[in-house]
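Each of the two complexes below includes subunit A, the first together with subunit B, the second together with subunit C.
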Partner chain A sequence: MVSIDLHPYTLVVSSFIVLALRNFISFIGKNSVQEFVWSLFVKFGSRFGVSKSFIAYSAKKEELHKVNKEKKAISAQDQYAKWTKLNRQSDKLSAELKSLEEVIAQNKNSVNRLVGLLITVLTTVPLWFFRIWFRKSVLFYLPTGVFPFYVERVFALPFFPSGAVGLTVWIFAVNSVVSSVLFLVSFLFETKPPFPELKQKVEEVKEEKTSSKPELIEAKTN
Partner chain B sequence: MSDSPSVSAEERKRILRERRAAKMKQGNATNRLNTILTQGSSVKDVTPVKSVLDDENISLSRPHTPVATTTSVESPIAKSSSKPKENTIHTIHHDSDPDHQDISSILGANSHINDSKDSVANSNEDIDEMFKKIFGGQAPGGAFPNLGGAGASGAEGEDPFAQMMKMLGQQGGAGGNGGDQPNPFGANPEEIQYQQQLTAYRTYQHKLWKCHFLVVRYLSILANFFYHFIYVEDSSFQSSSHSYIRGLAHHTPAQSFFVYFSTIEVVILATYYFLGTKEGFFTTTTSNNFIIKILDMGAMVLPQLAQIRLIAVRVLGYYELLAVVLGDLSLVVVLFGLLSTLGN
Partner chain C sequence: MEFELEPTLESIITQDTLKWIFVGGKGGVGKTTTSSSIAVQLALTHPNDQFLLISTDPAHNLSDAFCQKFGKDARKVEGLSNLSCMEIDPEAAMSDLQQQAQQYNNDPNDPLKSMMSDMTGSIPGIDEALSFMEVLKHIKNQKVDENDDNKDQISYKTIIFDTAPTGHTLRFLQLPSTLQKLLGKFQALSGKFGPMLNMLGGGVNQQDMFEKLNEVQKNVTEVNEQFTNPDLTTFVCVCISEFLSLYETERMIQELMSYQMDVNSIVVNQLLFADDDEKPCKRCVSRWKMQKKYLDQMNELYEDYHLVKMPLLGTEIRGVDNLKRFSQFLLKPYDPKVDGAIVTEIEEK
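== the complex of A and B ==
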């Protein structure tokens, strides 16, 4: 069996980075990351010749816009031949645009798949690797006397000696801290909702109803 | 009907009407009616009936069928009616609508409706008793009994259906000082909107308090940690990836760190519990919990689940306090872990 030996310092730092990245991506959302990468691809991809379909698409769209403008400017009855020619041109451009849209959609799907794969490789696979290969490795030892024995036993779960901290407790602790920090950061951007006020009209209607009840009772008795 | 195409639709209708009238004049309506009723494979036992066309005056006395008694109609083409209209049905000519409806017949019919109302009232009472048996043991819950009365309010003196609606309304996460939450199903749109806005406001307030507490907790723990890191000499407050650190004898043990840590935790937990009870945070949190929602739904069928729900709400409330302690300990572990990398 192949044995991989990593220094505990490497494990601590790399697992911390991976967990922070994973929490950050789940916080902002995988779709947001994919959209961001796609926008970068659209902006820089055509410059480096990665995809020429964007240039062709924008050119054809501009041409279609011109043709439609010219077509609306003339009368179909008065200049029938020219109108028909422009109409055929417009239909052809629309068909070409449609095919280009399909190509672009395929490109987008490919980019999204690639980004998803990258996210999985960077965040999920390393953690599983660490959990399988280094499940019995001690990451670090706590100084003696700082914590009581029962607290050190909790930190040493599941099967480490007292005072040692393993991957399980470390992953739990990092997840907890990172999610708390992200909660703090997200709350800064949250807007305060106004204190709700029930409209007075409803209260007035209720008051009217209660005030009219004695009159009805009097009418009935009379 | 082999009418020529030139016959108009109106003509055709007139012809059909005349044929129908002629057939009715022939009589034998009862036999025709019974023939229709006894046909068909789904028909089982059909008692022979008498057609209204064979009788000119039929009087029905049916005290518990108000529908029949209210259909007395005055029509100029009506065949006969000798009396004022209580409990009488006039034969109605199918081609004409009544011009006026005799109000005395309606008033007379209402007396029969009132008779039927007593029996309906009796059945309503039975239904009420049944509901009380089903929902009688339940109370719309809160986290703690002294948490502003979410668990103790409103349950007494209300009918079971209103209680059920109140429970469903509380599931929307309105939380807070409970008994005055209106029924969302019976409320107008303004009240529903008000409830939604109130829920959003309370959730924001809860988050705001959580945020403040988090900042205070983290700052106090960081201050405590770095104070000991800076001022404790030798390696009493150092973590390492090497096991020798556990065997070192320290001249100045850093036990004060955990003392300060425990003191800070006790103060924070007490304050959090006090404010959570006062502001109803625990109710807001537990009302949105998946387990509580399942127990609420199950309690509609099994009233015994209401007791379990109260226990679950209490446990979830205490779990939130435990989560505070675990979160703080996690920060200490992370700090020691990052500290251990400095020595390498």
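== the complex of A and C ==
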């Protein structure tokens, strides 16, 4: 049987870090992380020869642009042969671009999958491991006499002696603190959502109504 | 250019292996005249072989071109004993097929009942494929019938297709792999769910269905092999020397090449050749100038094609004799100085 012996404080700190990371990722969104990694891949991948298809793609795209520009510059009827040759070239390039796009989409898919897997490995797996492996280890003891006994009992959930704090309560506490902090920070930078402008619509309707009912109003005033 | 292909269809006419010749182009460029001319020349060059000219155009003009009524069954051309013609409406063949499918299957609760029409409606190219299969089957039947009648084997050496301008008659060539995949799926499905459907009361009918599909698949593969073989099949593009016609021809050639079909001849019809007219008419001269402009462009663009230039005559070309006279220019390039008389000599019928 393998036994992993961690100092309780190592456990406290590492679970805190993992939880903070997890909260942070869920705050900014898994998709944006994936997009960010993808943009890094696009930017730096070519340096290591990973994303050759991008270089080809952008080169082809530029070429297509050039060909199309040239094609537009000449009259199809006056220089039919030249125009048709350009047309053939542009058709060929478009087809190549399409196939490259497919390759790139596949690349992106695999990068996204990898990032998703990495996020899971970094944030979910360690927590489960801690929860199972250290389910019986006490992280730290509360100083006696600070809290009343019923609070201590709650902190000792699910089955620790009074005054001890286990992983369950610690995770719960860290989660709530981190999410509160994130909320507080984001609250400062939050912009007000634009108020939906109903005014105009109402006015439009009013106009229509008034224009359709002038006789009625006149009749009433009379 | 050191190397230039001769501007005639000689290679097609004299090539012995060809089994299928397709003639295609947009409407009004002289497809029927060209296909009839090719057929006539083939028949004249190989008097011992039988040839069949088929029009799949719903607006049939073969009857008009030969001044003789043709129908669904092959009929010999009067005055040219080794050429037969027939006019088939592929749509009609298709609806026949669907009716057949319904006959197979008249149980209103059968889940596979509407399969045929659904399938033909949902996959691009498959209705063309099926209707083409019907046409081919019809041709095959034709042979069998003649065998029975004449007691000696008559098989057509070459079959010339006058294709419809609108239909992408050959579009199904684009999808052989898709079709095969799909039919393979159907087969697998029939293996898996066939017994279950039987239990549900589908009966033996869908077995027939799947057999029919398998047959279609086999035919598609066979036909594709034949049509992509340049020794057996070739395509003759017909156009006139005008921008849109050239543009459409270019698109057609690209499409055909994407089907891996052999295209090496373009017939340019309705040329005026107004250079050496005795009394030049202004309109002809200027129009001929325009036609020459496009001809030059074509020469540049289609270097490795046989570019056949055919003159515009005074009247419609109808009747076997006129076709014989006109079609010689497919083999011997038209020279306005020597052959100019034909423009006015063709008699109206």
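Quick note on the criterion: the second predicted complex is superposed on the first by the 190 of 222 C-alpha atoms of A that agree within 3 Å, B and C clash if a C-alpha of one lies under 4 Å from a C-alpha of the other, contacts with A are read in each partner's own complex, and residues count from 1 in each chain.
Here is the rule we use: a contact is a pair of C-beta atoms (placed from the backbone, for glycine too) under 8 Å apart; a residue touches a chain by one contact, two chains touch by 3 or more.
Keep in mind that this is a model prediction, so the values were computed, not measured.
Engineer: Which of the two partners, first being subunit B and second being subunit C, lies in contact with A:Glu62: first, second, both, or neither?
Structural biologist: Neither: A:Glu62 stays clear of subunit B and subunit C.
Engineer: So, does A:Asp91 touch the first partner subunit B, the second partner subunit C, both, or neither?
Structural biologist: After superposition on chain A, A:Asp91 lies in contact with subunit C alone.
Engineer: Of the partners subunit B and subunit C, which touch A:Leu142 in the superposed model: first, second, both, neither?
Structural biologist: Touch status of A:Leu142: first partner only.
Engineer: Looking at the overlay, what does A:Glu190 touch: subunit B (first), subunit C (second), both, or neither?
Structural biologist: The first partner, subunit B, only.
Engineer: Give one of first, second, both or neither to describe whether A:Val177 is in contact with subunit B, with subunit C, with both, or with none.
Structural biologist: first
Engineer: Going by the contact rule set out at the top, does A:Tyr80 touch subunit B (first), subunit C (second), both, or neither?
Structural biologist: After superposing on A, A:Tyr80 lies in contact with subunit C but is clear of subunit B.
Engineer: Per the contact definition in the header, classify A:Glu101: touching subunit B only (first), subunit C only (second), both, or neither.
Structural biologist: Neither partner.
Engineer: Of the two partner chains, subunit B (first) and subunit C (second), which one does A:Val169 touch, if any: first, second, both, or neither?
Structural biologist: Touch partner of A:Val169: subunit B, not subunit C.
Engineer: Going by the touch definition up top, name the partner, subunit B or subunit C, that contacts more of subunit A.
Structural biologist: Of the two chains, more subunit A residues are contacted by B.
Engineer: What is the shared patch of subunit A, the residues that subunit B and subunit C both contact?
Structural biologist: none
Engineer: Flag every residue of subunit A that touches subunit B in the complex, lowest number first.
Structural biologist: Against subunit B, subunit A makes touches at 7-9, 12-13, 16, 138-148, 151, 155, 163-165, 169-170, 172-174, 176-177, 180, 183-184, 187, 190, 192-199, 202.
Engineer: Would you pull the subunit B residues touching subunit A in the complex into a rising list?
Structural biologist: 188, 190-191, 193-194, 197-198, 200-201, 204, 207-208, 210-211, 214-215, 218, 235-243, 245-248, 250, 253-255, 257-258, 326-327, 329-331, 333-334, 336-338, 340-341, 344
Engineer: Help me check something: in the complex, which residues belonging to subunit C touch subunit A?
Structural biologist: 243, 246-247, 250, 254, 294, 296-298, 300-301
Engineer: In the complex formed with subunit C, which residues of subunit A make contact?
Structural biologist: 76-77, 79-81, 84-85, 87-88, 91
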